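Okay, handing you the structure first.
Labels run A, B, C, D, E and F following the written order; every chain starts at residue 1.
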């Protein structure tokens, strides 16, 4: 029996009621749940267009339109999974290290119970806190990182932590296994030609947009699957992986990116059956979104695909 | 002991968490509460700019910024009152009579327990359902109606119900006592010079914007108080009472209207100590609002003043 | 001699004058016309993002930029066709069945005179009224349905009519011939895996976005042509067939959709030479559109391609 | 018998149909009309925020909401007046002198038939063309000029004509009688302290915003009436007379301005019974307007008050 | 001879060229200047709507429209003053204490040379850094604080510094003289009735919006002048002093506020002739501004009035 | 030693400081520079959606995000090139021929010094002035013209110059060599089937969007290279070459266009190593852009690719 599932749209219209993700119950519980959706409304790590503290709210707002059956995976999420909207994790606006501690502490019990968190950022700095919590339970993980940017900066004005350094820190802190790590979609001008070197030297595979275009989506999928294999894997999706036309509402939009359909192929075909530890989707900036809120719709769709992957695994008995 | 009050902003930032009104607990309960805030996301009664079904959500979204102490009334709401965000009442989009029944049924128990509802529209047609429920308990009430429009149309394409007819229907159905009714702020071009006649003949007092400007806010307040006296009173506030510059996000914006400060004077000084039955604030249209969401901020402020009036009465031992 | 054609842009600039579709004369006439463009500003059938009552106006507003020669079909529309902007059909906001009757009555004489209507919605519920009128003259028709959603819901809160049920009603009412019906572009989460069953059991062909991507645009075109053959065919285009990036201004935007170029290929190559009865383009929601009004531009472009198809047939002597 | 009046809103909803001003018939006729509304979609005279070529369309778009009875003047416009939406006058984008000639030629017959034009700009340069036409019939007129700017610049990059010089040109060309001219609402920083000198030396009365605030609206009204007396008077209203909060959609918004109510008082009480020759309302910039389109609503309201003044005179037998 | 002044608008149009404040030369010099305009693009101190890091840019963008002569003070700024756009002070996004140090260091030499800085925020936390610098030179100053909020919070999540605590810190750090300090315009709900106590106990005068309304603008001006007298005075203007309708683009908009004209009266009449040390204008949030950018126009206008006050003093020989 | 390069982002954050293109020094110098970036804020040549006078500013505003290394060409721009933001060229708003002269005069010395200008429009009419200047030095050039429109109109209301005629004028004035000219991306309805004839008869190659789609990007690149060979080439990029979804902020958006990635392929692979004379990017209309400013980001990206091509040539010793 599935305990927590969305409100039936025939009981109240989709535009009705308090906005939780996908109209799931807002319960801060770890009992009888397979996954939780939780916000991390934090953007102090942002070095350019700021305001992703309002990202979780914006994604929830449009997510009421989501329905439970994923036709691509042929799975009805709530035939197999129970999930809640866990609310937002605690943060201290303006103070990144304190926030890291609070988010990490809040997430450790989730990982310990083998519940899969789907986190809604916030800027990309929050992923480091998630990884710290996950690594306490799972050790260094495989990671699939969809992004326009490598986020492997070293320091910025002498500071270690911001949304452009999380991936380097995660390697340095041994939270992820670089040999099982892949970054997909990187593009745009760089500081210099050595910007990817740190990660590549550590063993990370990097596929730029030109790489993906040249090899095609199918080969990219193969490359992702080869990298992560059966290892516990964390999936982090920066919304700017999508082209600026598909996700205008983000802090550092990049042109020459991907469509939502390409993203869906990579996420569903690239990750189906993998051994998931956690997911996040970050950098949604509502103040830059179009009036039709297409960035939030895209982020909600990605989050739904994440949840569908969890359900698919359950369905398959993984 | 006050059972239900907002989340402490020092526990989580104001931009954090699931959006309920003023960060109140989302509980569908009538125990231990003095007031409830409830949405009525319905706009089928709208004859022009539509979309106020998203009004309750938009008001909740910005209401997290509200703090508990009202300096004008010198009252800390949650020293005296317990309140919840009751969620949204059931509606059937596209079907007004069915919605009327559902809202009425949902509200009758609230009125029976002498809990004061603060409803968030929705278009102004919903007020009729609220009045029907209230009148079951209180009989024909006094009413204070802040609006740019008189809403005393008869039929529209042969139909009785829409957002421009509720006030006439309320008189016809004996839900309000016209002798204790006052409409404030009416303005703009009319169909003809007899448009106010129906209400005036019934005994309703009408103060247009020119009337209010001529007599001043103080005299207007006196007139309101004289009209309603100690009778059970329902207060309905159409956001287009405010000038279009102050509330651009509404279906039929009207120029030559009032400032938020004038509205606050009328609401707080005009209604302080009255014998309240219910409140609503209607016609917020988020798609027409400015990027800064000033219409939603204004509506949240009016709703807060309504709640403060409830608390003030409690404080005074009324 | 072509009687009705657009105002010459060298007589007045394209941004000048009363906005009719493509600067055609606004005449409510059925004499000397081959096609009419008519709005159906009705959105009471909408269950989520509402406001497509302003759709016809928004499409007309930008359509002044259209020029008469279609280079893809190598046809100058007004060398072969006379057309007018017929204005908007009567509607009753808030009342769907009455509106259905009024639209149907208004359209029957158009169909009787073998004039091809190009209707601008409004939400997708209006298509049922169009089909009812068309079927009075043509009997059950072939239909090509471009959409992200199947619109084959049964009832919603016990009601038969809204924008998510028109296709099912059309089958039930024998307005369309399911064996000659094809739905293209369906995507996004569903209520369950049986949602397409009703239509498919009746004989309708369904091509989801994944189907189209897999088979390619060319094979899709072949499939459309095989389905409709020489039968009288109605073409209905929900703007959300386009990806949310290409058509953000719609009530239920869906990601993972199609580009305008793909749509143009499907419309022009897929339908060239077919035996058209009527066209519509629906679900344009101006309040959700980007400041550049790209959704309205896209809709105007689709409508122009519809008109070009009419002219192409004339040119070919069909 | 009044020949031309708006479509009855009970025949079709206000959001329905081709957008003409106030739903008047779009007829290019000078028979059986008392006033015409005509657009002048020209903005080449603009020296800063450009785009008022779309102003007439934007004002028409929202004007459907206007009703025929003006409660302030107690007059039902179409009991006394017949009027049409005459469409837009011809213009040549990018070429101001050619446009001046075309507009002048188009307007002379209107003035000759003693029909009162209510023109919708366009930038303020178009007023010169209107005055040239009017002066052919009426000689040098009185003028009431509501504006934030004096528009008495001399040349700009050596050029005589733009939206900042029309008033000086009108004096120089003897189109207006400076002794019967008044400018109301001027404000904001100037090039130097002598900027008003040219007009004042010619006899023009200038009331800045500080002047109006000091003397009050009533005294301002008296001053206007004293100036214009019974002379033929032209009224030109630059929408930036209104404060930027009330009319954000304009090319050079100015703070510290007036409310729509103050404007209405000045227009209705200041001009009631005057001997009108022509009216215009200019500088509406839709691309700068708020999503709720409050600037267009304000402009439509001013235009309606102009029409009401015409009707009031008819009613009084003037 | 005035060395630095704006580019002549007859040399290049106002919409042309690199955007500096008022088209002043962008020079990082302290020679031959009477005032500097400098940005502090920092918003890490913000606890709600964030993004004022883009404030300085937004104010500069529209400031090209400003002209040199202030008609209210009858002063042509650049007849008396030389000024530059000094660019932006250094900041470290995400790190408030480091930023405080950098801003303070950058400002000390300015104060030492008796050059008056007009700073453009940034959130209100930056004012503390400005005061620290100023106090090094001038000791504890008088202060006039226009704001909707008292900014006298103590700690927030245990942290001393953010945009809601600067005023308390300034008192604690002895940067301002509370007996010569006045806060004007405070309004909106509070945490409790004792929120103003800290400042009032220290001797600060607080005038809420209701106070100002009751006593009138003139009496308010008197009160300001009495407070500051001849003492060195710092003026800080939070844009949310203005009503949300006049300044929608700010992080925590408050209704029931002031118009730009009221602000101008208070600034020009309230401060004329005072002994200025420094000025700032803070909390402009471009992402919340209306498309017409009225908040930026308002802020540019306030900054121009500040500069005019400096010039007025020069003119008067103060 | 490279003299002029961007401010180091570790010295001041990317959102900080006066906005020049890519944070280059704003110097009006032709010494020690390889390229200049210059704005031409002129839009009087625009026949529809106007406002590109604000284009240069909008592109500069977002260009601070650009970094110096182009990974596609493997070149670090400022290892090889020195460049400045030259500011904006002089223009006279409203007067096209005067502006042509001023821009031409300003550009001749640039071309004479073999400095490559990258101009930011402005509407497409400005390209004629650029070509006139370039041809003085280089004679008739090869040209690559990316655009949705052919811009080969003859006259418009009897006038020779506007944004739809520059290409024809350039042929007539012998500024470009038609045999070495190629137009890529043309699409949308035309006046008639002969609209491309003038250019094609002169020898220009035209590739419509359907042509490009049919032959593919690679073959298109080949065609471009064959056309221009080693000749001095001017590259002009109308932002509406991009699909309306990718560049909504433009005066005449066209659907069925290209993605930014396709554009990047054509620009970088199509032009790598060519013998560049000048570049421009035109028709950015900020008022039509999405809140996320994606059109400006796209334009900045194209401009960066232009600069990268210059640097690549230097690197290769061309």
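Criterion: contacts are C-beta pairs under 8 Å (C-beta built on N, C-alpha and C of every residue); 3 or more make two chains touch, one makes a residue touch a chain.
Worth saying up front: this structure is predicted, and the values here are computed from it rather than measured.
*Asks:* Name the chain whose C-alpha centroid is most distant from the C-alpha centroid of chain E.
*Replies:* Result for max centroid distance from chain E is chain C.
*Asks:* Determine which of the two chain pairs, D-F or B-E, is joined by the larger number of C-beta pairs in contact.
*Replies:* B-E
*Asks:* Expressed in ° and rounded to a multiple of 5, what is the rotation angle of the C-alpha superposition of chain D on chain E?
*Replies:* 120
*Asks:* From the C-alpha centre of chain C to that of chain D, how far is it in Å?
*Replies:* 41
*Asks:* Distance between chain C and chain E based on Cα centroids, please, to the nearest Å.
*Replies:* Chain centroid spacing, chain C to chain E, equals 55 Å.
*Asks:* Any chance you could list the residues of chain A touching two or more other chains?
*Replies:* Within chain A, the residues that touch at least two other chains are 13, 15, 47, 49, 53, 92-93, 157, 243, 245, 287-288, 290-291.
*Asks:* Pick one for the touching-chains graph, please: line, ring, star, complete, other.
*Replies:* Basically it's none of the tidy shapes, so other.
*Asks:* What are the touching chain pairs in this one?
*Replies:* Touching chain pairs, listed by label, are A-B, A-C, A-E, A-F, B-C, B-D, B-E, C-D, C-F, D-E, D-F, E-F.
*Asks:* Within their complex, state which residues of chain C touch chain A.
*Replies:* Listed in rising order, the residues of chain C that touch chain A are 47-49, 156-157, 187-193, 195, 208-210, 213, 243-245, 248-250, 252-257, 285, 287-291, 295.
*Asks:* Write out the stretch or stretches of chain D touching chain C in their complex.
*Replies:* 11-13, 15-20, 26, 39, 41, 53-54, 57, 60-61, 85, 87-88, 90-93, 287, 291
*Asks:* Under the stated contact criterion, what part of chain B meets chain C in this complex?
*Replies:* Of all residues in chain B, those touching chain C are 43-47, 49-51, 53, 92-96, 98, 157, 159, 162, 287-288.
*Asks:* In the complex, go through chain E and note every residue touching chain D.
*Replies:* For this pair, the touching residues of chain E are 10, 13-15, 65-72, 74, 76, 243, 245-246, 259-261, 264, 290-294, 297-298, 301, 304.
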